[in-house]
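Since the structure comes first, as structure tokens, the remarks are kept for the end.
Naming follows writing order (A, B, C and D), and every chain is counted from residue 1.
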Amino acid sequence: MPLKALALNATLKTSDAEDASSTDRMIGLIAEAMSAHGVVTEVLRLADFNVKPGVTSDEGAGDDWPDIRAKVLDADILLMATPIWLGQPSSVCKRALERMDAFLEETDEEGRMVSYGRVAAIAVVGNEDGAHHVSAELFQALNDVGFTIPANAVAYWVGEAMGSTNFVDLDKVPKVVTKAIDMLARNTVHLAGLLKAQQYPGEGN
Amino acid sequence: MPLKALALNATLKTSDAEDASSTDRMIGLIAEAMSAHGVVTEVLRLADFNVKPGVTSDEGAGDDWPDIRAKVLDADILLMATPIWLGQPSSVCKRALERMDAFLEETDEEGRMVSYGRVAAIAVVGNEDGAHHVSAELFQALNDVGFTIPANAVAYWVGEAMGSTNFVDLDKVPKVVTKAIDMLARNTVHLAGLLKAQQYPGEGN
Amino acid sequence: MPLKALALNATLKTSDAEDASSTDRMIGLIAEAMSAHGVVTEVLRLADFNVKPGVTSDEGAGDDWPDIRAKVLDADILLMATPIWLGQPSSVCKRALERMDAFLEETDEEGRMVSYGRVAAIAVVGNEDGAHHVSAELFQALNDVGFTIPANAVAYWVGEAMGSTNFVDLDKVPKVVTKAIDMLARNTVHLAGLLKAQQYPGEGN
Amino acid sequence: MPLKALALNATLKTSDAEDASSTDRMIGLIAEAMSAHGVVTEVLRLADFNVKPGVTSDEGAGDDWPDIRAKVLDADILLMATPIWLGQPSSVCKRALERMDAFLEETDEEGRMVSYGRVAAIAVVGNEDGAHHVSAELFQALNDVGFTIPANAVAYWVGEAMGSTNFVDLDKVPKVVTKAIDMLARNTVHLAGLLKAQQYPGEGN
């Protein structure tokens, strides 16, 4: 059975925006690289949904998170993809992370969160500086809520300091980026396979 | 003329939530301390408004940010107040910061952003760990968009590691917190007064 | 063959300091928990060595890093343990991370860093606030240089906001801390075993 | 009386290293811009000194920090300048910040730290990504130990993602960098002047 990935695109723009999403381009490249390893990736653009503020798994009427959460847990791999604003992850990305805070209480009888056994990788794009910080914040938040982080689990592109070029407008994807994407894909798929076959032991083991 | 402060409460809860907001309690204490120096503080709870995702000053129909932005610019002091989730500022806080990204382009003929001459202070509350990181991110974002940061410009409370007590439920505000609040108020008001009297020089000066 | 762990204690104090090291206490608890899973842990206190500034694996005469580096690569698990100062990891911790920057260039013929296949976990102690940020920075830096991060790979203790109690002076280790330590140990050992048996594939795979 | 600035260069290299320091180039540009406003800047390269690990103002025999500390307090402006490694400030930079932790206890009879009334600005250079995070950490740490942060108090340069060009090797300094430097200089000098004339009030005021 092939592994499944869910990519959450945390751009501030909805799908009907005129401009193409740089984050989307990066997701596409990663999904393609993972598909070479047999992984099928579903992509959701968070801005298209009503993810209500809160830290529970269901914030009531009109909340689209429960469906997204089900997809997170149905996948083996979570690809969290965000643009950079002010050197930091987007508010849309933070909203999704906050909702996963609920995993902290959602444990099985052996103390393992519902998210255990899944791996997370990160995609970051921006006109300029911020990718390392974004990956730091996302690694920590995702690790706190139960995800495992493969070696070199981030692919990013940013331009020179105070630049204004968008990743989606680059004629060619730089070789260093392609190399990072391939590495991320190889490592993520490998680790997801290992953990799917051998889940973490629970308390008392 | 007395100085004006605007406090933005970035709790995830709307004003009609049952639970009292810990962030609100901290804002109240700071507002009281600043009022001893003649400052009048207006408090807005961001979750009560429709702050649309985006990085411009007006994201169109239904966007409540333009009114909030007007209040930010009408005040001499911005108090950004946020709860901690996963060790980080709330998504509601991040949304407001993103909207202030627009200030980067909103400069006068001498290159000064519309926000120049205003000072920013920070209030952070959480059950546990995260306050220093939150202040780091907020200081950087607010400084990038033109605010000046007084000495010791943060007041915070968090419980012991992995604790679950809320600031709003503390019987007594710890003395160290009161002292930090007083220091923040003194410094913020002093600096706001200096800058109001003598704005930063522009390009060519 | 049992798994091996190396713990690097990044306290600012040398071993002959009068005061006991809180970081050391946390390392001891984690080593004990890992030993229940058959792991043998060696502990090095970085301040006892001359780790020269630089970003290569050998900074020349008098540099103690080459020996420490050999131990890092001889172990299956790296436990990076640091105190918090100003809400951030210690300079001694940062020095060790900088030296691992060299791993980025130290790859095999299939593009895998020398560190690949190893897992990293984190221990953080402080009088107060900063643990989440420290883990964020360390997860990112260690992941960048090739380490894999198990689920819930951090154990920490900090006191209430602006507190001054040391972890080493607590009469009893809080239950939530013990629980986090056990979880960290279980997950870290499990993942280290999986990766030792099945290393990441290289380029071209 | 002209204002005085102290620039601390936190490169990992000593002054007798073969390679020129990119951090040094950035400091030079900022010092030149500040000199147009009558400020005299002294530059110290921290790696040339024995700044012992610790969090007091004097760590005993052989410690060079007391002399550096005296210069910090003799200046009106502190320019903290650091390279980026792994997306983070250098260990040499962190060491200096740790030593300023002592300011927290060094207060006058009205509760003001010895550092009060001084402003801090930041210079960051790196081959690639990390400047926003570095400024966030430095703003927070410097603000915690009593410094005031002028609007737009950071000047930085980094190359495109995963680049390897050094700032010192750029033929021309990009215009956006020059503009940021000029802005930093104007704002820093203006605010330092205001605070020198009108120090923060103490407790009881």
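Operating definition for what follows: contacts are C-beta pairs under 8 Å (C-beta built on N, C-alpha and C of every residue); 3 or more make two chains touch, one makes a residue touch a chain.
Keep in mind that this is a model prediction, so the values were computed, not measured.
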| item | value |
| --- | --- |
| Chain located farthest away, centre of chain B as origin (C-alpha) | C |
| Equivalent interface positions on chain A and chain D, same or different at half | same |
| Pair with more cross-chain C-beta pairs in contact, given A-C and B-C | A-C |
| Rounded Å distance between chain A and chain B, as computed from the means of their C-alpha atoms | 29 |
| Euclidean distance of C-alpha centroids - chain B vs chain C, Å | 35 |
| Where chain A and chain C are represented by their mean Cα positions, the distance between them in whole Å | 25 |
| Sites on chain D at which at least two other chains make contact | 86-88, 132, 136-137, 140, 144 |
| Complex contacts: residues of chain C adjacent to chain D | 12-13, 47, 53-55, 85-92, 94-95, 97-98, 101, 137, 140-141, 144-145 |
| Chain B - residues contacting chain C, complex | 86-88, 128-133, 136, 156-163, 174, 176-177, 180 |
| Chain A residues touching chain C - in the complex, by the definition given at the top | 111, 113, 115-116, 132, 135-137, 139-140, 143-144, 146-154, 179, 182-183, 186-187, 190-191, 194-195, 198, 200-201, 203, 205 |
